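For clarity, chains are labelled A, B, C and D in written order, and residue numbers in each chain start from 1.
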Amino acid sequence: MDRASVGIMAFLMVSATAVTVAYAQKDAAQDSIEAYREALQDGNPAELYEASGEDLWKTPAGPKAASLERCDLGLGPGVVKGAYAQLPRHFADTDRVQDLESRLLTCMQTLQGKDPKPYIEASFTAPPKEEMNALAAYISGQSKDAPIAVTLAHPKEQAMYDLGKRMFNYQGGPYDFACATCHGQEGTRIRLQDLPYIPSAKGAAAGWSSWPAYRVSAGQMWSMQWRLNDCFRQQRFPEPVYTSDATIALSMYMAATANGATMKTPGIKR
Amino acid sequence: MGSPMKIRASVKDGVTEIKVLMGHEMETGQRKDANGAVIPAWFINEVTAKLDGKTVMQAQWGPSISKNPYLAFKVKGGKAGDKVSVTWVDNKGDTRTDEAAAT
Amino acid sequence: MTQRLMERRQILTFLGTLAAAGFVLPKMAFANWDKVAFEAKTMDEALKALGAGTPATSGDVQIVASDIAENGAVVPIQAISKLPNTERIAILVDKNPSMLAASFDLTPETIPEVTARIKMGQTSNVVVLVKADGKFYAASKEIKVTLGGCGG
Amino acid sequence: MKHFALLAAALLALAGPAQSQTVLSQTAGSQTAPSQMAGWGPGADDAAFSRMLASSFKDKGVAKIDRLTQDETQAFCSNPVLAASPAAAAQRQRIEAANMATVKWPSDGQWLGDWKQGEALAQSGRGNTWSDKADTPNGGNCYNCHQISPTEISYGTIGPSLTQYGALRGQGEETLKAAWAKIVNAKASNACSNMPRAGHMGILGETQIKHLMALLFDPKSPVNAQPGPTK
């Protein structure tokens, strides 16, 4: 907060005035938004969700009364530290490329004996999804500061990447939108929100490394699946099925493009 | 009971900086649900912070404080290991106290 | 009104003494919520309820916040008083239905700088009110609340 | 949603984008299969992609899976590398001409409506998502991508600034026609423009388009206000 305040002090006004002329506002507006985002970084409510996610991970549940602590997120059973930075990946036991949430459903099914269906079908604000969002907050938090290291070594990983790249550019719906419509050029924004240019390493990193994130606008903890779901909503597409291949393919495309960047999860966003 | 708070307290140059995240809906009473019914107001209205057992801050809040509130302030004195405790009470009478040691 | 606040302050001090002596009475300690001030419908009413009347504008009261909030649901505000013997800092939002967002009672050990996050329904003046040495001072700053995202 | 009549029967359930490509081939002569196009990986073959689409999406509210069925323009622009290549120049022009042929001009010869209603439309990003009701009035989504009225500081930059639009261009017939066509069907002048085809796809009706035209051209619209002194 103090770091931000030094810069902001310059704008300090004793009494409210400042009806600034619009033509000079472009840079000032963007500077202000930057200051706003900086101020948010200091206290991220995602921490509250990380705590409840950790509880969910460690508390026995389901027909088998087991915790998720033996879940293999790719680095071996029970290894959480750094696992999120290496997802999505191919898992031999399912012979599928899975993202975090898809893998969690596998573990809930195999270790805890839970039926994944209610988790897949529930809305993102319903209790089953609240569990997923909290788990995603916790597990992604355990990869904070880790380098993104996604491999395309397995043929199914490469195929998923290729599908994701094609999905990214696939136009449809009444507005002709693809992911690329908004994320396919450098340096643009919607309203005042900067749009990462996903096909570049920098843009993919800006997107991939900061989700899951706490959304201040709704006071909600959003997993990557929720982020993608809402992109498709705004794109006027039909709804993507939770943990469906289209969502995992897009994640694979983004994560692999972001390789080498540092995870900043969980993030905090507008 | 609410969910546990996240409390951080760090001592530097004779000043203890206290940062608190609280899990609370902070419902204003102005919003409506999908069926058009008003969602009743539900918000933390009193917060007390203590450093080493001594009250250093007592706040009154209204529904304009954001969901999952964040509060940061500084107190002269304090040393590593001092206990920081924060208590909130909401307008339904629910209350929660959490503690952390200053570092 | 000023007298009421003074009494309130004495009660707090009394409770603080009790707490320091080991008598912890949390329920009693929280019976102070200032309903009149929080339910005030105009800035004048809110200031009156807080005992402030017409506070003096002061450069020693500072508001640290970005000029533009990317979202009105969370607007980070740091309220600072450079005035000696600051006892209380309050944050008010001119155009909110509940104008008074928060008030903080400080002890002599508390540095009069508090950071909180408030909701703003629309672009508005934010007022920080400070009580120091029994007198009231204020500063205000316009914060613009923008529409964000795709708006759908 | 009005797709080209030729493609209206294409059903995702049968073959998805592969079918769109097939139909496109019939209409456009020489075509390159997506898997052979530059930029596509070897794994992203049509069949796998179609299976993925079919298994990954479901109807929700007003957003049905038929929205994944592409028309010719969407299919062409979904391979940006090919669509931008010199080899595709003729096809781009043909697609632009086909889109231009769909443009309906104002039925009463009047170009401009009420700029205030235009501003409200430009501000709104509502409509056509699965969380919108079928009767939710559609917004124009304009500020998402364009600077328009200089008093609105929250504007996007995917499209060019429209500030001073009418003041700079006047109200000549060709100028009005070009702006009208752009709003009705943005692909008429640029096959793979990022801008939706607001009129062609039924997002906005004629009256609403006139309001947006007024926002751009009416001398009283804030878009055309004299720029004040900067400070």
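Throughout what follows, contacts are C-beta pairs under 8 Å (C-beta built on N, C-alpha and C of every residue); 3 or more make two chains touch, one makes a residue touch a chain.
Computed from a predicted model, the values in this text were never measured in an experiment.
Taking the mean of each chain's C-alpha atoms as its centre, the chain lying closest to the overall protein C-alpha centroid is A. Of the two chain pairs examined here, C-D and B-C, the one linked by more C-beta pairs in contact is B-C. Here the CA centre of chain B is 48 Å from the CA centre of chain D. In terms of their C-alpha centroids, the spacing between chain B and chain C amounts to 15 Å. Centres computed as Cα averages put chain A at a distance of 28 Å from chain B. Of all residues in chain A, those that touch two or more other chains are 1, 29, 42-43, 190-192, 216, 219, 233-234. In chain C, the residues that reach two or more other chains under the touch definition are 68, 73-74, 76, 115, 117, 144, 146-152. In chain D, 129, 131, 141, 143-144, 153-154 are the positions where the chain touches two or more neighbouring chains simultaneously. Going by the touch rule set out above, the chain pairs that meet are A-B, A-C, A-D, B-C, C-D. In the complex of the two chains, the chain B residues touching chain A come out as 3-4, 6, 19, 21, 23, 25, 66-68, 70, 72. Chain A contributes residues 1, 42-45, 47-48, 51-52, 214, 216, 219 to its touches with chain B in the complex. In the complex of the two chains, the chain C residues touching chain A come out as 57-59, 62-71, 73-74, 76, 78, 115, 117, 125, 139-142, 144, 146-152. Within the complex, the chain B residues that touch chain C are 15, 26, 28, 30, 45-46, 48, 50-51, 53-67, 69-77, 87, 89, 91, 95, 97.
Residues 1, 17, 34, 39-44, 48-49, 52-53, 55-60, 63-65, 67-70, 73-75, 77-80, 128-131, 141, 143-145, 150-151, 153-158, 187, 194, 196-197, 201-203, 227-231 of chain D are the ones touching chain A in the complex.
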